[in-house]
Each structure stands twice: as structure tokens, then as C-alpha cells.
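Worksheet for the structure shown next.
Letters A, B and C mark the chains in the order given here, with residues in each chain numbered from 1 onward.
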Amino acid sequence: MAGNDKKSKNFLVSKIGGQQLIVLGVIVALFAFFCIKSDIFRSYTTILSMLDFSYFVAFMAIGVTFALITGGNDLSIGTGMVCYGIIGGFFVTKLGLPVTVGFVITILCGVLMGCFNGFLVAILELPPFIATLSTMMIARGLGSIVTGGSSITWPADAWFKNIFKISIGEAKYPLGFVWVVLAVTIMTIFLRHTKPGRYIIAIGSNKEATRLSGVNVIKWHMLAYIICGMFTGFAGVAYSATFPTIAAGSGAGLELDAICAAIIGGTSMYGGSGTIFGTLLGVYVMSILKTGLPLIGLQANWQQIITGIVLLVAVFIDVVRGKKN
Amino acid sequence: MEKIKQNPIVKKIGFNRLVLICVMILMYLMFGAVCAMMGRASFFTIKRIFNALNYAYFLGFLALGVTFVIATGGIDFSMGPVMFCSALVSGYCLTQYGVPLALCIVISILVGAVFGMLNGYLVAYWKMPSFITSMASMMLAKGLGSVFTKTQSVSWPQITDPVNGWYRKLVKITVGDATIPTGLIIFAVISIICAILLNNTKAGRYITCLGSNKEAVRLSGVDVRKWEALAYVICSMLAGVAAIFYVGSYSVVQPGLGDTFNNEAIASCVMGGTSMAGGIASIGGTFIGVMIVALLQEGIRAVGLQIDYQYVVTGAIVLVAVYADIRSRKRRN
Amino acid sequence: MGEVILTMKGIDKSFPGVHALDHVDLEIRKGEVLALMGENGAGKSTLMKVLTGIYKKDEGTITYEGKEIEFENPSAAQEAGVIIVHQELNMLSHLTVAQNIFIGREIMKGSMIDDAKMNEEAAKLFKKLNIDIDPAETMGNLTVGKQQMCEIAKAISHEAKVIIFDEPSAALTETEIEELFKIIRDLRDKGMAMVYISHRMDEIKAITDRVTVMRDGTYVGTIITKDSTKDDIINMMVGRVIYEDPKTQSNVPKDAPVVLKVEHLNAGKMVKDVSFELHKGEILGFSGLMGAGRTETARALFGADPKDSGDIYINGQKVDIKSPQDAVKYGIGYLSEDRKRYGVVVGKTVAENTTMATMEKFMKGLFINKKKEDEVAWTHVKALKTKTPTVDTEVVNLSGGNQQKVVIAKWLTRDCDILIFDEPTRGIDIGAKSEIYTLMNELVAQGKSIIMISSEMTEVLRMSDRVIVMCEGRKTGEIDISEATQENIMHMATLRK
């Protein structure tokens, strides 16, 4: 057996990981399939809009990967993202603060919610899914309460929309993708090569053993949720930049897209393993499916069904993988 | 304090449930006082009570159902959307295809049963984690309901409808000036049936036991997978029943909604003393929990706040109830 | 003879209802391997837990390197150089070997972890210890033996001065044990002080210098290994108890029918080609050391774990047992060694647990006949002398012995003909023990048959009519009680193939 292990470990596989390669293959195959099937899919505008819709999911997915790696979860990211975007936008539109401050507030809200989730999970030791389900409801309510139930329209300032899609002359470029790649790179380094990242993985692998090794598990466990919250804040910014108006109380269900993406990318719900790069690949599997399927005749209301099915398949693979170990 | 707890009547009802009833009464009085102080219309009217009850019926069936699932140590996040999916599918059959109403009610429950079987099969036989599995089927329920009605909302007939209006009598009957809350009677009866099912039948016994220690029950020669799956089927079928009472109160169903009710049903359940860790469940507690949530909903509207406050409050209730549950379990061990 | 590095004197520790340690002494010296021996429940693990700060002692002193100390927690003990290598490994299976070794004290390069350097250091460490493991390998991919080596390496890298091995060989293969011993000898030569907890006599003889024996939470004595025989140690361990009331001959008539026949049972790594017969009215003892595959055999037979091959005959009829349901249908009952996990549902009442396997007998139409349930539960409570205020008491409130009685009541209600008792008296006090023995004798007198798995030699010799001995998943011996002695059972239990 050991011989086989060595043999299969060629450079690419060991650098990227088996599942990621498969997912990369799936992406290419899906892309090719839709390109052949649909003329519209092939157009630059479609690709551009697909990327537009992927940024906020990508940020959420990067964040939730950290929660998943600890063996937990964060369901508050979907409604949370919308809530933070609304609160930030409220300060800009109603109180006339600069857009930059609005962004900072949006991100800060995320961090605060992350702290609260971390407090519930790491210190009070509530089950993560039920704790974050509650905060999901709280976030959903808060956003609407702040605006009195009305939606928020961020100002259409040129520079602010340009962060994610820059226009040079006639052409538009998906600048947001650069930020996503940058975030993936930074967080990969963080997860793989720094102490906090190492301890977050260790907590997901065996919390008690980590504690016995003299690691302050409560602190690092909390940090995972704070990171998750912070990235949800980033997602809030991306969401605000992508959509002209944000409807109060929306966003439920978007967390599943992000969780789904992370699990497809090889992050285990049982904790201890996961990569940010894998999560990114997962995000694009979801994006391509959601953009492509409507174009070959499935209406938009199939999107939820697609999310549901893909989630089931991803979790099933994870369960089977978990049994093997 | 100990003396009160040892009182035979208190013991019979359960101390915690008595506290809950007191909380409910206090809440009722408090909302009344706030309404009076703010110069709003009186809260102490029959209409308010009926409004609250309308909310309590469908929520109640959801909560009764999820009590079984939580008793196994699992969770079901799909029941709210499944309720909507049931209401959409059967309502569409009724209004578009002219299927007889009685049959539509059966369809509604059947749609629930199908989702229940899916959840139960995946969780019990394939050992998939219940929370993420039920979230996936939540998406399926939302999507399928929407696809079935082609993204249209469905309006169920009013009471004035000569042929199909009768189902509204399941919710309430007006005789002269008096209104009889038939829904409350049906809800109470089904609650009692559920209590008997949970406490006095083999199914209920095995469901709570396997929630407490699944492996020990399996090693006693019990087919734990079957009974675990059954809990999910019961839950989703009750979501199908809830659908009838939802449309009986509110008529219109829109596709793609329903997930907020999950949290409220779970909140009712956990408040009533059902443990998230499984093994301990109380139908009576759930019943009172439902009444509290329904009262809260009506109260928040009566004092003129947005419905969003309710989300925040129920979220907080779940957190407190789950924390209390964990604390009490830690103390016991 | 090295200098004394650590002394424990007059250590006393009580838990509610149990006097776990009664003024125990222990002396650990540099450059020496000290064996700590005793039967299950003798207090070895408790003593080590007191030493490493998991439990607080009630009385006594611990002197380490000339100073009196008391470790706050395992991390503090680790810091000071007293490290325990656990029976259950505390590893992070998703991280690499080097990452495991340096968890909590990573080597940094600026604000980044220097994994390359850590791999290098780990490799150096392994080289020093003559261990052949790739530091960059993921921990989860290693065998248990290798994982254990990593734990030892981790201990060494912590600049351990005292290493405690808690049953290190339980899950190891022959060659892995050899490797382990080589490392231990190396360390001894380098002046390390070590405590070796084990049940395996031949290992004690092979690797240790002195033996400290404990019995029922008390200190019995310490002897030099090479000046003593196996019997000396066994005598110290078991004291007089071993000679109490052993069965001298089988109570089973020669022509008693075979109720259960198992042929060539294979299941996983721990059950290899096991065949045996069980007669009506017989107590068949299963003896062997820890990890001999006895529980696994019972679980495979009962359908709790999947079996790979093998035939099972009940009363001459071939049966197909795929799940516990099937086993129960054929009249087999299983009492697990781990009552709280596999025996009782602790959150439920005595009555509910009693009827768990026999619900259908207690149904009145669709409903449970609670009156009948209570009656039957009471009958068993009285017959088994279970100490419980009512049958509505939750099992969590009962003591270990009484919980065991509830499990027995469960299978008695079912009226099973074949009962598998897996370590029936583990964690049960002396009084309740003899009650359970009496009960087992009554059961076989009624014509039931019992398979009894036990790690306690006294129990095996006292209860069994016939003894089957297992070692490493194989049956290595079968012997009638009239010929069974501690020695020949021990001999068979260490017959490695």
C-alpha cells in the first residue's frame, strides 16, 4: 500500500490535492459543455456577469471555510452579509457619511457578528449550527429594523462600482476577480503557514489534544468565527457593489451556496481539513451551474433545486470520505 | 422553591411548563399594558386572540413535528419550506386542475411525506448529518414549489366559496355572532395524539431512546434506522397538515418562502423543554411554546413594531433556551 | 542504579463512593524502566493522572528533582518534563508528523511557520531515536505503531525527563513492539526515567528493571525484575484473591447439547478464523490479554459489526446474523463491556431500559402497557436485588453494578437462551460482583448458556466451565476448567503466531 501511495504522489497531485484536480476537471467540463450548448454562455457579457455574481459568494465561502475547518459551521453569513451591507448603506445614504466609512462599518458589523458567533460557540459551547441559525435570524431582523423595512440603495459613485468591475474605455474588466484571488492567496498562506491557521486546523482535527498541547483553543476557535464574520463583511461590500439596491430581510439561502462551495472544494464538515483554493474552485462550480443551466432552458427557479442537489451530493461525498478515514 | 417543585399537581404538569404558562400570561398582560400606554387599540380583544391562534395552528403542527426529530437528536430545517411547498402544490392542483379539495388535502400531506422520507432516508440510512441534509431539502422544497406553480403564488378559496370553502371551517366556524376556534380543538387533539404517540407507543419509545443512546438501542436488537427515519416522516407529514391550516388562515402562499418558520418552530420546541441533544421531548412543552411564540408575534404587531423584531426575539430565545439546556445537562453529569 | 528523580509518597485520592488510591508510594529513577502493574481497577491510571495533574491528590507529596511540586494540569507537567504517552493517542490526524510533534511551539521564521525547518528537526529527532518515519507524512496515514513512535518522539522533543507509557503495546504488532523496546532501551541508556504500564508479563520481564505492584488502590511492593519470577509478580498482583473459590470441575454434563456453534469466524483485523461450541447450561470463559479480539468476536457474532466470513449454528440450525436484530431474534443477548455507551440508555428509566429489547410483549394494541412494564421491571429489580428507589428512576442515577443489573434484566425479559457477558464485573464493587456471579450461576442452572469475556483471571477460574483463550484475534487454546490454571491460560494468551 505504501508503494502505491508514493507512486500516486506526483508533483501536481501533491501540490493541489486529488479532489481539487477532479473539481478543476469538473469546472472545465461544465464550462465546455455550456459553451457548446449555448451561444449566450460563450459571450463575454455572460462570463462577466457570472463573475459579478461570484464575488460575494467567494468571500462568504472563504470565511465559512474557516468555520467548517474547526468542525463547526456558520449559517448566519447569508442574511448577515445583506444585513451588514444594509447597515453600511444606511450610514452612507441616510446620514451622509462617505462611502469609505460605509464600507468600514459594513466590515465592522461582520467582525462584530463573528465575535458574537465565536462567543456562543467557543465560550458558551453551543452547537454551532443552532447558534448560528439564531444569529442568522437576528441578522435578518436587524437589517430590516435599521432601515424600517425599506431597501437601501448605495450611491452609484463611479469609483465604488469600479472596485469590482472597472471600465476602461468601452471595455469592462472583472477587477473583483483580482481581489478574490488576492484574498485566496493571503488566506491560504494564513491557514497553512501561520500559527493561528495551524491551530484552527488542529482544533478541527482534535480539540482536546490541541488543548492538552498547551494551545489556547478558545481564543483560536473564536478567531475562526471572527475571520468568517470579517469575510462576510467583505462579501457585504461586494454585494453592495454588485447590486444597485439591497432588499431588507433577503439573503437567506445564500449561505448554503457558500457552504456548498466549500464542501465541494474538499473542506470536510467533520473538521480538520480544507483548503481555500478548493473553496474557490467550489464557488465556480456553483457559479457555472447557476449561470449555465438557465441558458439551456432551466428557469431561474431551478437555482434553489440545483443548490439543494449539489449540496446533497457534496455532503454525501464528504460522508463517504469521512467513513474511509 | 423545592416545596413547590414537590407538590403533586406541579409535578404532574411539570415545573418548567408551569413557569412557561406564567411567562405566557405575563407576556399577555405586558403587551396589553404597553398597548394601553402607547394609546393603541386594546390588546385584550377576541380578535387579537384569534389572530394569535391563526398563527399558532400552522406553527404548532410544525413544532409538534420537529419535536419528534429533535427527540432523535437530529434537526429539521426543511419543514417551513416543505409546508409552503405542500400548500403550493396542492393549491395549484385545486385551482388550476380542479382536483377535489379533499384529495388536495391528502396531496398536501403526501408531499410532506415524500420530503420526510427523503430526509429520513438520507439521515438514518446514509448517515448524513441532519442539519445540512435538511437544509438541502429546504432548497429542494423551495425550488420545487416554485417550479410546480411556475413561480406564481397560489390563492386558496375563501370561506364564501360554495364548493371548496369548507376547509376553512377546520380553522374556525362562525355560528351567528359566536366564533368557534375549531383549529384550536384540532390542534389540541393532534397534540394529544402526538403526546400519546411519543409516550405510549413503541415508535415514540424508540425515538426518544435512540436520541439518548442510539448504539445501546441498536444493540438491544432494535431497527434504529427505521424508527429514526419515521421521526422525519412524522415531522414532514405534520408540515403537510400545517399547510392546510396556513392557507385556512391566510389564503395566499408565495413560492420560495417559509424558512423563518423553522426557527420559530424550533424555538417553541426548545423552550418547551425538548433537548437539542435528543432523548428528552415534551409535547406539552411544545404546545405552550407555540402559544408563546404566537402571542409574541401578535403582540409585536399590536404594539406597532415591525415583524422583524420577532426574528430577533425568537433568535435570542433559541440561544437562551439551548444554553439553559446545555447547562442543565452539564450539571446532571 | 540511577538517582531518584521523582518520588510519590502517601498519595491518597477518593472519588464519591470509591477510595481509588490509599496512601500509595512510587519511586522513579533515572536510567531505569519501572513497571507499574496491577489488575484492572488497581489504581495505576489514577496514580498517573494524579502525577500529571489531571486529578488533584487529597493527601501525600510528590517530589520531583528535589523539590516538592504539584502540577496544575498536564501542560504544566509537560513543561516540567513529565510526559505521558497515552493508550489512546492524542494525535491530530489531519496534520503532518512534524506538525504534530511541534504543535503549540512551532518553529517560526518571522510571522510564518517554518515547516521545512520543523521537518528537518523532526527528521533529526527520528534519526537520534532510530525511527524511520517521514516527518512530512500525514499523521492519519500512519499505522498505530508508528503513531505511537511519533508520540514518543514528541515527548523526547519536549525534553522529557520522565516518560510514562500507558499500555503502549496494546495495539502494536510483534515487530512494532520490538522497535518500541529498542527505543526504550536506547532512552534508558541515555538516562531517561520511564514508567511502563502493561498487563503483558513477558514484556515486563523483557524491558523493565523494577516492578511496582498495586492492588485495589494500595501499594503492594516493589521488586527487582531480574531477581523475580513471573509467579512472584502474579502473586503480588492478585494477592490471596486468586485462591478464592475456583471452580474445580465443569458443571456441564458431557452430553449437554450444543446450543451455539461458530465456525471459522472472520471479522476485520481482530477476529481471525475463530471456531468454538457452546453447550447448554455452560459458562464458556473467554480469556486473553487486552486487545486479543474477544470483544470483537462477540460483536461479530452478535451482528453488531459486520463479519467477513464464517458460519453460525444455533441448536444445529445454520443462521444468518447480519444485525443485532437478527441475533436477538435467535435468542442471543449481549452485555457490553462499556455499559454506559452500549448497554443502558442512561437518560431513560429502569423500566424503559428493562423492556427495551422486548417492546412487543408489552403492547396493548397500539399502546405500551406501562402497568405491565412496571410490574415486570419490579420483578427483575427484586430478583436481581437492584438498588433503585423506583422503576421510574433514570438509570443515570444508579451505580455501575446496578446499571449492569438493569442490562441483565433487559435480556432476562427477552428470555434469551444465549447470553454474552463482556467484562460483566468491570467497574463494579466487590459486593455487587459476587451477586452477579451468583446470578450467572442461577442462569445456567436454569438451562441458559453464557459466554463470559473476562480479563480477570480470578473471574475466569471461578466462573467458567470451559475456557477459550485468544491472542491477537486467534483462538490459541481451549481447556476444561479441571485442567485450567493461571499459568497455562497465561501461556496460551501469549502464544503469538
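Throughout what follows, a contact is a pair of C-beta atoms (placed from the backbone, for glycine too) under 8 Å apart; a residue touches a chain by one contact, two chains touch by 3 or more.
On a predicted model such as this, the values are computed, not experimentally measured, just so you know.
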> Chains in contact with chain A and with chain C: which ones?
Replying inline: B
> Based on the averaged CA atom positions, which chain is farthest from chain B?
Replying inline: C
> Higher C-beta contact count, B-C or A-B?
Replying inline: A-B
> Cα centroid separation between chain A and chain C, in whole Å?
Replying inline: 46
> Measuring from the mean C-alpha position of chain B to the mean C-alpha position of chain C, what distance in angstrom results?
Replying inline: 46
>> Centroid of chain A to centroid of chain B, CA atoms only: how many Å?
In response: 31
>> For the complex, give me every residue of chain A touching chain C.
In response: 5, 189, 193-195, 198, 201-202, 204-206, 208-210, 212-215, 272-273, 325
>> Applying the document's contact rule, which stretches of chain A touch chain B when the two form their complex?
In response: 73, 75, 120, 124-127, 129-131, 133-138, 140-145, 148-149, 248-249, 252-253, 256, 259, 269, 299, 301-309, 311-312, 315-316, 319, 323
> Touching chain B in the complex: which residues of chain C?
Replying inline: 302, 304, 323-325, 327-329, 334, 336, 341-348, 352, 356-357, 359-360, 363, 366-368, 370, 396, 410, 414
> Of all residues in chain B, which touch chain A in the complex?
Replying inline: 75, 77, 122, 126-129, 131-133, 135-140, 142-144, 146-147, 151, 255-256, 259-260, 262-263, 266, 276, 306, 308-312, 314-316, 318-319, 322-323, 326
> So in the complex, which bits of chain B are touching chain C?
Replying inline: 196, 200-202, 205-206, 208-209, 212-213, 215-223, 279-280, 332-333
